[in-house]
Every structure is written in C-alpha cells, then in structure tokens.
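Presented sequentially are two complexes of chain A, the first with chain B as partner and the second with chain C.
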Partner chain A sequence: MSRDSAAPEVRIRDLTVVYNTPAGELPAVSHVSLTLTPGTITGVVGESGSGKSTLALSLLNAVQPPGRIAEGSVEIDGLGDVLRLDGEDLRRTRGRKVGYVFQAAQNSLNPLKTIGKQLLDLGRSHDVEDLRALVADAKALLSRMGLDGARVLDSHQHELSGGMRQRVGIMLALVLNAQVVVLDEPTTALDMITQATILRIIREVHEERALTTLVITHDVGAVAEVADDLAVMYGGRVVEHGPIAEVLGAPRHPYTQGLIRAIPRLSGDISLARALPGRPPTLGTLPAAGCVFRERCEKRMEICETVEPATATYDGRSVACHAAGRPAPVKRREYA
Partner chain B sequence: MITGTAITKTFKQRGNVLGKREVPALRGVDFAIKKGGAVSFIGESGCGKTTLGRIIAGLETYDSGEIVIDDVAMSGLSHRHRQPYFRRIQLIHQDPYSALNPTRTIHQTLEAPLRLRARQTGRPRSWVDARAEELLSLVGIDPGYVLPRYPHQLSGGMRQRVVIARALTMDPEVLVADEAVSMIDVSLRLGILGLLRDLRERLGVSVLFITHDIATARYIGDEGELYVIYRGQVVERGSTETIIADPVHPYTQSLLSAIPVLHGLERPGAEQVVPTEALDEAQADEGCLFTRRCPFSTARCEAERPVLGHDGGEGGEDTEQLHACFHPRSRSVIPQGVRA
Partner chain C sequence: MTKAVRERPRGAALARRVAGHVVRGLVMIWVVATISFVIIREIPGDPVQGMYESLLQKGMSPDQAERATAVLYGFLPTGSLWDQYVGYMGSLLHLDLGRSLSTPGVKVTSLIGSAAQWTVLPVLAGTLLSFLLGVTMGVYAAIKRSGKLGDLLALSGSLLHGIPVYVIGLLLVAIFTTLWPILPSGGPVDVAFVPGFNPGYIGSLIHHAVLPVVTYTLASYGGWILAMKSNVVAVLGDDFILAAELRGLKRGIVFRYLARNAILPLFTILALSIGMLFGGSIFIEEIFNYPGLGLLLVNSISTRDYALMGGTFLVITVGIVVANIVADLLYTAIDPRVRSGEAS
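Now for the complex of A and B:
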C-alpha cells in the first residue's frame, strides 16, 4: 500500500489563537491539544463563540487578522507542521491536501461565475491535468447528494437554494481527493431529511477514500449520527474528547452533561430535559484564571476559582475538570 | 379562536429554462387554533410552513379559502377593518440577530410600540416604561441589565427573549413562532421553549410553532396539536404526543426516521422509513403527492389523491389522528432509549 492511501493522523498541540480586540489580544482557542485518529470522523461541538471555527481555520493555517496563531503546532502526516507552511506550499495544501468547507460556505461562492467555471478554476489552480475527469467526479458527487450534477454546474449561485449551495461546498471540499477534510457546519439550515442524506454521504465518502475528517457543528444530533469521536469545546478549550458513544452515554465533564441534558428529545419525560443555566461566554467575559465553565457549573469547588483544570485521561477519554474523577452520568430515568 | 378552511396559495415564479413556473405552496389547508392552544407545523423545507404562518399573521395574501377570527369571517371585511384582528397575531422572527435594530437600545426598541399601544388603549405615557420592565421580567430577563444595552451586547437567547417581549407589547392572542429556536444555542433552546409554554399558561396566549426540529414541539406545553405538511397539503394531524409516538403516514415516518440517533443513549427505531427519492417539487401532481417517494405506494396511490380522515384503510383499524394515506400503518421509527 502506498503512503498516500493510508489516512493521515492530525496532531494539534498546544494551539493558541488570539484575536486583537479593543481590550487587547484575547484567546479564542487556548492551549488546545487534540489528535484526530487516522480514518476517523471527529465531531466538534460547542456553543456559539466557543472557538470551533477558529480551530478549523487553524488546520489550514488560514486564521485572518485581527486573529493570529500565537503558539502551537498542527502536524499532519505527510505534510509536517501546517503552521510552518507559507506562500505556494500553503496554497497547494489548501484544497488538495486538506479539503474544507468553511462556515457560511453558501455565501462564499463567486456570484458571477457558474459553479462549473469555479470548479475548473479550482482544478487549474491545483494543476489538475485531467479536467474532464474532475468534472465527471464533481457530477458523480453531486448526484450522490441528490442533485442534478449537470444542471448545478451550469447554475450561478443565486439559482440554487441554501441547501443546494451547501452541497456544492461539500463537493468542492471532496473533489480534489484531499485526505484530510474539514467541514464547518455542513448541514446547518437543512431540514432533517436532507441533513440525514448529506450526513450519510459524508460517512460513505469518508470510508471509501480512507479520510481523516473533522465535522464542526453546534448541533449535537448532527454529529452523533456520523462521528466516531467527539470533542466538546467550551470557552476556547476542548473540555472533553473521546469515543462518541461514551461521551454521549456517560459524559464526564459537567458542561457535556448539561449540554446533553438540554437536548429536546422525541421520547421520554420532557421534564428531564433542562436548559443549561447562565449564558455562553464571550472573549471579553471569559475568566482570566480558574475553570472557564465554573460560573455555570453545578459541581464547582474552591479550586475551580483559581486553578485551570489540566486535561486528564479517564478510561480512554480526556476531560479537563477538577471534579471529573468522580463520574456522574446524566441521570435520565428512561435509560436507567 | 382562529380557523382556516381550504386555504390555497400559488406563487408564480420567474422560472429559469422552463419559463414561468407555478408553485402551489398551499393546496387547501384547514386549521384551527384554540385560545391558549399550541399548534405546530412540521415538514421539509419548502412545504409551505412559513407561507401558512404568514397568512395566519395577516402578512401574506391567499388565493382562496376562508379565515375566521372569533366568529368573524375575514373575507367580509375591508383591508382596514381586518387590521385590528390581525394585530392580535404577532410573528416572532426566526433570526434573533437580524430581528432587532442594532442602532437602538432595547429600551428604544420596546418604547416605540408601547407608545403606540398606550395611545390605542388610552393609557398615560408613564405606563410605557413600567410596561417595558414588566414585559422583560415576564420573558425572564433582568430589565435593569437589558434596557440600556444594544442587541450586540446580548447573547442569542437574551435577544430572542427581547424579540418575544416586543411581540408581547401588542397584547397578542396568538404568537407565531417561525423557527424561533433554530438559531439559538442548544443549551438555551429549552429556556425559550419553556417561556412559550409559560406564556400559554399564564396569559392564555396561543402559540403557532413552526419548526424543522420535531422534538422541540413537545416542549411548548400540554395538549399540543401537530400538523405534518407535505408539498402544501396537511398529510397527518393530531395530538403531538400521539403522532410522534405512533405516526401512521409514511411521510411523517420518514421525517421522524431522519432525526439523528444519539449513539450511546439511543438506538434507531426498528422500522425506519427512508424515502425512495429526493424531494422534487416539479414532480407530477397526480395521485398521492408522496407516491413517487413512498416505499409503500400501490397502484391506487398513483391514481387517486387521499384526503385527510381517520380511515384505517383496507383491513386496518381507524386511527386516532387524521391522515391522508390509503395504507396507514403505525411503525416504530423514532430512536429508542438504551441503558447507559
């Protein structure tokens, strides 16, 4: 087997990304370490502002001012540290080695060119020799996602619905055969049936091509369906990370527990679901010391006020919480 | 009480290659919203939910049918005389980020409609500020904190509460909440749903709840009624709990089957239904509107259009809910809880 055909590992180490604000440089991603196991889909969930998109941009070394990657590394097998790439090397990496759909991709297509024209531009900029094959691949991907490929390639952006544009974005992320794929909110604003179809296709293509995939969403349900591993972000930290069934089935971090308890459910007693008290932090309201979640935490102790919890491993899962040593699974009677 | 009978609406779109295209958004829909009741509309994108919500709020015209508000038929009234009726129905915008004017403080945002309301009801100016505080407390936020602030200084959940408070300035009898929680963080959604439930219980306001996320419909309080809409037709209608637990229409079953399973907490329903094709609005209109995508379609389904009723079909038993299907059958489609 050639090196290329094995899915690469992605190792994010001690990554800190800051934004320059009137109050000075504030971290949107703070000392994050996360390993994406080769060939898996990792889901990242968290509230608005928790740093998910900033993390995604870092994987492509694409953080824009006023943002800046302050420290850390993002090692991808076969590519080295992406944060050290620049110029032409970086341009070639994006799309070809690391495919991506950024958040709000529906609005990022060029309004003046047909989708087909944009596809050819993309192919040429990456020196694709067989442009016919590229178009054929694109059509095949689109038709798998329930679209008429020929029609879509002939269309301008404004002739497509939001859901169609979202699928075009996913096609563009996959069509150059990148081995690492980053999808930021790929199914937001889609209805359930379309979402289910797209998630199934992401999973299928991921398996066929032996990819390493990162799917970012604020909707736990959407990742629960496709991901192998789940990383939960809060206030710029990854507070819990592990196999999805374990993180959802027996969450250890009080934030993960609260998040799961807050999901409206189709069955069971509705009084068991509860909103998480308080509100999501912003860069300006994050506490400078101690645990970032403490103000909304049911389990907080004195130490949480002053000491930021280190990430520790408990049965194959990493958790950053002073109280994590004492597991307390979400208690919902219908599962007991 | 608001009722609608046989409401139809067709949009004429400027088509692309095919020339003018007519989009039947509503094909003869009946509805009834009781005082203090909760009615939810669910269905795929483009099925007509927003159009129906806007018609009910008096913001969109309809081609035929009749709307009756408190025993008064709207067709008999001039535009001007209809206004007081539709003012009792207020729409909550889906996007709490664009619904509020960013250049105005929350105080200014609430003051304008409250002044109007004070004039309409002959109340003194002094009432306006007191009422603003009262409404913000009612929607569960601290007036002292929120009033002087601008929208960008508030979280999504707070903004949506402000949007609801603004809708309440007109003392509405019905709140139309079109995807009112979809843009809000999961952790805060239940708070807004609980607020809608509270407003029903405390003020007797009715809620018309439009959503993609069917599970949320369970959280707006007891005795909720669910309407499942497909291509402009109501295909299943009944108590929210009954339909979610025991849907009989194959379309409802495919909607419920598409809801993601929370692995580790749930396993998929045993009899999930997956449509055989993607939605194509240009599909032929003969027979059952769902026939081309339905795994259970028969020759009869291709020839005739089923109408909403309780009929259990050949060999079947009559159903509790209304449905428009020749072969209704309950199937276990929703995720089931597992031991943790």
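Now for the complex of A and C:
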C-alpha cells in the first residue's frame, strides 16, 4: 500500500479495566499508559492472566461483560478516543481501521459458511466496492502464508487445521488494509518454523503498508525477531517498556530479568535457565497496595510493601520499580 | 474445479445417511407390523379365530369362512402361525391392510387414506407455526434474558412445555366453545356447505381447524422456545460471534450468523416433535371430534376393529419414519459439517 500514508500513533493513557467478580470489581488492567510509535511493531509479553488480552480488546473498545473499561483513553491518530466511539462509528472502526486477530483465532470463524463467503460478509460490512479485488488480495495474503488461497476460500472451517484457521484469521485482519493491527497470540497453533515464517510475513506486510502493530505473545523469543519495542506486563501493569534490544539486553525491572532468565534461548545456556519462582497472580490475589510483583521479587525493599512504584523513564525506557533507578546490580552484565 | 471434486464425497455421505435412515425405518415398520400381527392373532379371545368360528356358526362352509376372514384381516386364519405371519407380511407388501370390521367391508387403506389428511395437515401446520413462533420468541428470550420480557417468555415456554397436550386441548375447548363460544366445538367442517373449492366450504374448514392447529402449536411451542433460547445463549458465548463483532461485521450479518448456528440443532428434534404431535393427535382428535388418524385409532380400539387398529398404528409409524428422514435431510442441507460426512 501507499508508503506515504503516515502510520497512526496509538496513545493509551491511564487505562483501567475491571472485571466484576464475586469479590467485587477487580482491575485486570490498572492505570496503563503506553504509546505505540507510528510504524513500529510493539510486542507485549507477560504471564497468563497479566492482562494482555484485556488491554488488546480495549484498543477496539471491546471489553466483554463482566468486564468494563473504568477509566482512561485510547487515542488513535485520525480516529480520536476509541473509548468514546459507539454504534456505527465503532463498528466501522473495527476491522476497517483496526485489524484484530482474536486470541482464539482457531475458533474465530462461522462454522456454517465458507471462508470465502465470510470474506465477502466482511467486505460488504465495510462497503468495499471491488469485491473481486478483495478476494484477490485475500488469496495473495493466504498464499504468502503458505496456503492455497482458492482452496481455503472454498472451504469451511472444519476442513482446515488449527494452524490454517489461524492464518485465515490473520488474513481477515490484514485484508481491509487497516492501519493499526492488533494480533493476540497469532501463532500459538503453529509449529516453531511456521510460527517464525508467519511472524516474518507479518513484519513484511507491516513494513509494506506502514502500519502500527501490536503483537501479544507468550513467547519472548519469537517476538524478539520481529518487534521494535517490547512492553512487559505483570498483574495488569506495564512494568517495563522500551526498544526491544535494550529491554532484552539490559532488563531493568526484576520481573523482566526473571522472565529472560527463564528462557534458555535468550539466557544462552540451558543450565543457566531458571524458572521464575512463585506463581502468576490472579485478580483475587493481587495485592491492593504496594508493588504487585513484590511477593516474587528478589530485590524488594520496605517501600515496596506500601507504595506502588511509579513509572519512570531511564534512557528511553520506562520502568515501574523502586529499585530501577538504583545502581545496576552486578548480575546485569550477564544480559548485556 | 475444486468444488466439483469435493461435491462427490458429499453426495456419497448424504446417500449413506439417507440409506441408514431408510434401513432403520424399515426395521421399525417391520417391528410394529409384527407387533400388530401378534396383537391381532394372540390377544385373549383371538379375534381372527373368533371371526372364523362365528362365520362357521352362521352356516358358512369352512372354505367360505376362511376366505371371508382372510379378506377382513389380510391373512388366512388357518395353517401354522408362521404361515399366517408370512401371509400377513405378504399382503402388507401389496399395501393391503385388510378390511374394517366397524365399517363393514371398507378397506382399511381407504379409511386411513381419508383420515390421514385431517391429521397430517394440522400437525404440519402446528409444527410450522410453533417452530416459527418458538424460534422468534426464543431469540428474544435469549437477548432479553436479563430483563422482565425475557423472564416472561421463558416462563411461558416452561409452562406450556409442562402441560400435557390433552389438557391444553380441553382448556381450549372450554374457553372457545363454552365460555366464549366463537369456534366450533367439533367436526372437520360444517355440513351445511357443499364440499368443493368454494369460499364457504374453505372458510368452514379453516374455522374448524383453528382449535386443533392451535393446540398442536401450543403443545410444541414451549419446547422450541426453550431449546432456541438455550442455543442462542450458547452461541452468543462462542468465540466466532465476538470475532465477527471485532471484525466490524454489520449487525444484521452477525445476527444471521447467530440465528443460523442456533437454529441448526433444532432440526435434530424436529422429527421428535412431529412424532410427539402425531401421538398427541390421539387425544386432540378425540377432544375435537376431528376425523384424523388419532380418532380412527381410538375408534378402532373401542370397537375392537383389530385390522383397522393395526393398520392405523402402522401408518402412524411410517409417518414418524418419514418425518425423521425429512428432518435429517433438512439438517444436512444446512450443516456443511454433516454434508461433508464429518459429524462435528
């Protein structure tokens, strides 16, 4: 697509999303501020339950009950605050302006219709005039991802494997040329090699079309290959965010450090890989005050019990930790 | 190209399914035929033997009596039980169900033939109406499930679902023919009109069909609304509906995705429901004195007209078997998973 059309910036500000639980409304995303630089791919990593999908859904103002966006804003260049959109405006934004790959992309298709017909439904919903061109684009995207486009469009969901369905989900998110693309674990059903291939293709399309892209993943190693920036989530907070080489090369937040240490591919040596101690918190077990990570933190101090660390910027990177500004620990050299 | 290639196995799978149904249906019909043979032949005071003997007493020769009985029951009363059974099955294959006792001399098949329309048409009309009504209301009940309207609709469904069909029939008779007499209390048509395609006759037919059809409708409406409501709620929770919304599909399209997926499982109980209404016709037609198969069966029982009884029973069985096949074909026509031979 046109390279000159400047990619939009996405500014998430002070976003809080709560879920209504038997214990009352509990935050799954808490005062998150995150800027997606135009034209970059931002990776989001974090353990299960850290709020990644909730954050992603907020970008489309699509948090589902019993969840609710309690406060904050999501500004996208050219669209304004998405959280203020509703009705037809919101519908037209979804899919056309912001492409979304659903976490369970294997189950994101209507079992009763062929992929081709669902593609046409998508085109008609967004008033695409040249449906033939849309089908041609879809076939091109599918064959880029290693599928027989004509055959896939003629198939029903049950005739496709999990990995094929996931690629169909990616195609449907890209085919309308949305300028912002959100991919929630787009490659989980794929083997390692296909996963790498698909991420590479996402990167290519992203560059061709000058997109602003958010990729959520469990797999820090996989996203390291394609992302420009990395945001690390823990307990509904973005605890560290910055250029990916720096975040991975010299992590400042104790959680990021632990996360990287747990991955042999990144720590370099299997014998050095160490699982993160403790368990990821759930909505109910998150401490109400102080640092959410303190129970699993090697560096916790007295202040961590009572005061939630504010996000501060250190050489181009934002970190939310009371210890982040202190002299770097000796161990840090390992990752440098 | 690819389409043509894949069409064939789909057709083959379909043929296999239909063949399976036909075989099962034939087995069911055979079992019912056998049971009705056993009933006619083996109940205390064997009616066939009784007939034969009374004819003998009236002075017929054994030969004449034998033939007269054979005409009535469709099989010869003498010989081994096995021979009689073979004879009975043989005449069934020739669609000969014997002759009626209570309407002497008239063929059972012609009695059934003229009664069938009075059951089949109202049952189908009731099924169609209750299906449309139940499905529509089920969608509303599901969408408004947290509101008063939804509660009320679901409650109406549970109530009607729980009331036996004859109670509904009796209530309707009491209300619309006695308390507030706006509908005829029985019979298929007013005898004052000349049968034929004239407005008076047709109007009277419809007027008389209202109560039976409404009874059939109410009897199965409850099941449809409850099933549809729970299907819609289940599909609403499916990932692909949220995914469709996240892709910005038009509301009407998302609604069609929802409705089609929720209606589909209902076709599996369509045959069951039609069968239930056929069974219910026994009560309904008696209540409304409506000359269908149900009333025929009731009358044949009360007059011990065994040939008629067995024949009617058999035809109702065939009706249920056919309903099963049709419902399955409908299901197959709209579920691509079944069409291609992989049950979901």
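One rule holds in what follows: the second predicted complex is superposed on the first by the 318 of 336 C-alpha atoms of A that agree within 3 Å, B and C clash if a C-alpha of one lies under 4 Å from a C-alpha of the other, contacts with A are read in each partner's own complex, and residues count from 1 in each chain.
One rule holds for everything that comes next: a residue touches a chain if its C-beta (ideal position, glycine included) is under 8 Å from a C-beta of that chain, and two chains touch if they have at least 3 such contacts.
Model, not experiment: these values are computed from the prediction.
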item: Which of chain B and chain C A:159 touches, first, second, both or neither; value: both
item: Contacts of A:276 with chain B and chain C, given as first, second, both or neither; value: first
item: Of chain C and chain B, partner touching more chain A residues; value: B
item: First (chain B), second (chain C), both or neither touched by A:28; value: neither
item: Partner chain(s) touched by A:125 [first = chain B, second = chain C, both, neither]; value: second
item: Overlapping contact positions on chain A, where the chain C interface meets the chain B interface; value: 159
item: Complex contact set, residues of chain A against chain C; value: 60, 62, 64, 91-96, 100, 102, 104-105, 107-114, 121-122, 124-126, 150-151, 154, 156, 158-159, 169, 172-173
item: Contact footprint of chain A on chain B as seen in their complex; value: 16, 43-46, 155-158, 185-191, 193-194, 212-216, 218-219, 244-245, 254-265, 275, 278-279, 334-340
item: Chain A residues within the chain B interface of the complex; value: 47-48, 146, 159, 161, 163, 190-197, 199, 218-222, 224-225, 244-250, 258-260, 262-268, 270, 273-276, 279-280, 329-330, 332, 334-336
item: Residues on chain C engaged by chain A in the complex (per definition of touch); value: 2-3, 6, 238-240, 242-251, 253, 257, 260-261, 264, 334-337, 340, 342, 344
